[in-house]
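In structure tokens below, several structures.
One chain, chain A, links the two complexes that follow: it is found with chain B in the first and with chain C in the second.
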Partner chain A sequence: MDYIYSILTLTGITMIGVMGTYMVTGLTGQFSFGQAAFMAVGGYVSAMLALKYGVPFALAALIGSAAAALSGLLVGMPTVRLRRDYISLVTFGFGEAIISVLNNSAQLTGGAEGLVGIPKRVDLPLVMASVVVCLFLVACYKNSKYGRQCLALRTDELAARSMGIDVNRLKLVTFLFASAITGYAGVLYAFYAQYLEPGYFNWTVSAEWLIIVFVGGINSLTGAMVSAVILTSLPEFLRFASAWRIIIYCIIVLLIINFRPNGIFGDWEISRLWKKKTTVKGGQA
Partner chain B sequence: MSTTTTRGLLEVSGLSKAFGGVHAVDDFSFAAKPGEIVGIIGPNGAGKTTVFNLVTGVYAADRGSVLLDGVSLCGRRQDQIAREGIGRTFQNIRLFKGLNVLENVMTASDPTAPYGFFSAILSLPAKRGSDRQEAKKGREYLSLVGLSGLEDARPESLPYGMQRKLELARALAIGPKVILLDEPAAGLNPSEVREFIDLVQRLHERFNFTIVFIEHRMEVVMNLSHKLFVLSFGKLLASGEPLEVRHNPEVIEAYIGEED
Partner chain C sequence: MLQNIFFGLSLGAVYSLVAVGFALVFNILKFSNFSHGGVMSFTAYAGYLAYIMLFDGHISGSWMFLAIVTTAAVVGALTAIVIERVGFRRLRRNNAPVIYYFISSITLGILLENIITIFASSNFYSYPLFFSSNNIALFGTTFSVADVVTLLVSSGALIILLLVLYRSKLGLGVRTVSFDVNTASLMGIDPDLVVMATFAMSGALGGISGVFLGMNYSLYPQLGQLVVKGFVASVIGGLGSITGAVIGALLLGIVEVALIGVVGSGWMPACVFVIMLVFLLVRPRGIAGVIVQEKA
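Right, the complex of A and B next:
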């Protein structure tokens, strides 16, 4: 039971992290290869506040997410002007730099040995509630003028600009929001695992989140969430095949990318099930 | 319905742009009075689209000025110029593929929608009201160009002629004072061309905006324009009333002669 409980909790935390990648990659079409670093910022800042200054969890969580958003601002300001392929390089570099800083400031962060003794404040119900709340916020964002403008600039920046869309500002706002959400995933992880080490947040995690978004459907939040659940729990279900499980995982991912290049869900959203009626009615009016 | 505006005065003077050693546009000037329909014609590669790109801020001009209602647009960003009231369509249709037909039109009013980030993520009443208003407006624009009932369709699934109309509806939705149409009739069949001329005339009567268009089809040029400017190798070759330009021997030699 404990085992399933922990898989569910970690899956929930991954879902929140993937929401950040979905926003940056799915909505604005930029590749963030350093998304997990924002999780590290959120996790470390909130954990250190709690450990060193006895800051209560709720406040630490808020400051942790805000710190992640602030680091998003630092990375985002120069990068939104860049071409898409350079953005992945810059975010990758930033991510690795964060890991390096965490490793080398051992007095503060515990370095490679990790940060221990974080109080346990997070359990499954809190993670599930957080997933629901974050999902609501992100879905509302996608469904607002911000989401529409993001999708517009993702397909055609020149045409988006000629509609009056301030492309750079919109990319930055989305990047900040994504950083804050991912940072919150880091907070949850820190106060659930009670232990942080820099290696947990390196680029392989960011790459895994990108894979999750692509498998689910680049344009579908629903897809990203379903694929987060499947791909996070899949390695656990494949445990019986121990040595083979990573290979099976890779084969499944390759098959999906090959045979459904737009991901499992393409751009389908679950909200279409209940939205359909209103738009049809509007269309006839 | 139609309102007589004094807005939409576009004055372009001495516009120049070189790409490497090629003078794509060389000291080109033209003006459109409020509510006027102005055509820019010229052989392929004459620099017509570059003129549009300079006016809308896609490229910065090397020299020259662009004034909208007396206000200079030089040094402004592309999105700022659009919000000042210059809408445009593109030679090769550029619709937003990730969005449906109605959402494509809504993106044009989104930049000025009056709600902020927190209203958006919490879906507050301000956001929902504004979105409803935008959708209603968007439907009106779609019905004006004859695309009612296709709100939920994917733009790439529409036939070519309808994609042109959708692009027009999207440009209308920014509430332009001046609208720039880049070869709007390209790829349309003869009956679609006539329909298109009617549509532009109807929209012009209703909104009375200034229209500047680039076109090769003589039917469109002669039926729509009040004034014509002929561009050849980046330079102004001739300008004036459509008929007078049509009979200008230089123009016939450079351009129309090839067609007739």
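Right, the complex of A and C next:
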């Protein structure tokens, strides 16, 4: 039972991380290879606050997410104005830089050996509640004016700009929001696993999140969440195939890209079930 | 000092092979091809395999080196052609948006990396020493033979590439397609063939750089992640520009060697990141200053 609990908890944390990726990729069409680094920022900042200064969990979590958003500002400011390729590069470089900083300030962060002794403050109900709250926030954002503007700029940046959308500002705001959510996932992870090491946050994690978003369908939050649940928890239950797991992922992604470019869910959202009249018409357009 | 600059240049030469392989594909399909990293590690291992199974005991020294480089280049070209078939041909047919190319290339890169991990089980292998560790004395300092060879072979490969691009009919086709695919095909150029040839050239360069990286760092499945160096270099140089990529790569090599001397290898990635960020702020077009217009 403990085992299933831990899988569910980790799946929940991954879901929150995937939400961040979904916002960056699904809403604004940018590719972040350093999303896991924001998770590292959130996790390390909150864990160090709790360890060194005895800051209570709630406050540490808040500061951790804020720190992630702040680093998102640092990365986002210079890049939102540039071609989309650059944001991948800069986020990637940011991820590498964070890992190198974490590895090299061993007195503060424990370096490559990791940060140990973080108090356990997170359990399954808290993670589930967090998933629900974050999901609600992201869904609201997607359906808000900003979310619609994001979709416009993702489809055609030039056209969106000419319709009076402040593209750069919108990209930055979305990026910050995504960084904060991902940072919060890092906080949850830190206070659940009670241990942090830089190697956990390298770019393959970010790439895996991207793949998850893509499998579910780049336009669908529902799809991203469903594929997050399936792709993170299923391999845990099918341990025997662990070495082949990523290969199978990759083949699935290639098949989807070639034959069903909109992902499994396309742009279908679960809210259609109770909002049929208004959305079906718009969805066909 | 002179020795360090030279070491930086030889490192930069390897980066420039990566960066140019990267820029070639960017030029023609306008996306950043991350599968290039997969090609690099794949060929590095293929070269090692060829060394174990074919060449060991038959030839040695420089001949061995040449044989391995040639094998890696050929394997790289073939791998890149397969990648183009699997990952991008259908996307081009569908006129898919650029992000799909991008995600496809990342996926292929991860796929190759993990195929290698499964078969080589993330052990470290290393190439034999091809050259005696003698140094060449010149201008009052000494240069290692391996660095000299790296520099020579890389420049040779780049010169051949430039000759192909600017002096042959195929190169004309590549340049035309990179300018405008539709007009090119109206003029009787087969875009499929040209794209395939571009991938083959890029793959061959990737193969050569894979061997060099393998010589410098020993072989491990994540070797291909060094493709980022090529990416950084081509951003500094200006995306899609071949000369820019070479200049950017040489600069990056020198800066990295200098930084290792000043702040140590641990902090180097962080410093490179800051430098890159500042560079992007100051001159986002890159050195060559070509602006690639996003398709509207």
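In the analysis below, the second predicted complex is superposed on the first by the 256 of 285 C-alpha atoms of A that agree within 3 Å, B and C clash if a C-alpha of one lies under 4 Å from a C-alpha of the other, contacts with A are read in each partner's own complex, and residues count from 1 in each chain.
In the analysis below, a residue touches a chain if its C-beta (ideal position, glycine included) is under 8 Å from a C-beta of that chain, and two chains touch if they have at least 3 such contacts.
Note that this is a predicted model, so its numbers are computed, not measured.
Comparing chain B with chain C, more residues of chain A are touched by C.
In the superposition on chain A, no contact is made by A:L273 with either chain B or chain C.
Judged by the touch definition given at the top, the superposed model places A:R161 against chain B, while chain C stays out of reach. When the two complexes are overlaid on their common chain A, residue A:Y146 makes contact with chain B while staying clear of chain C. When the two complexes are overlaid on their common chain A, residue A:A58 makes contact with neither chain B nor chain C. Within the superposed three-chain model, A:M1 lies out of touch with both chain B and chain C [touch as defined at top]. Residues 156, 158-159 of chain A lie at the contact with chain B in one complex and at the contact with chain C in the other. Only residues 29, 31, 78-79, 81-86, 88-90, 92-94, 96-97, 99-101, 103-104, 156-159, 203-204, 207, 210-211, 214, 218, 243-244, 246-247, 250-251, 253-254, 257-258, 261 of chain A touch chain C when the two sit together in their complex.
On the chain A side of its complex with chain B, the touching residues are 137-138, 140-141, 143-146, 148-149, 151-152, 154-156, 158-167, 173, 177, 219, 267, 279-280, 282-285.
By the touch rule above, chain B contacts chain A in their complex via residues 56, 58, 77-80, 82-83, 87-88, 90, 94-99, 102-104, 106-108, 110-113, 115, 117, 120-123, 127, 130-131, 134-135, 139, 148-152, 170, 174. Interface residues of chain C facing chain A in the complex, by the touch rule stated above, are 31-32, 86-87, 90-91, 94, 96, 98-100, 102-104, 106-108, 110-111, 114-115, 117-118, 225, 228, 231-232, 235, 239, 266-270, 272-274, 276-277, 280-281, 284, 292, 294, 296.
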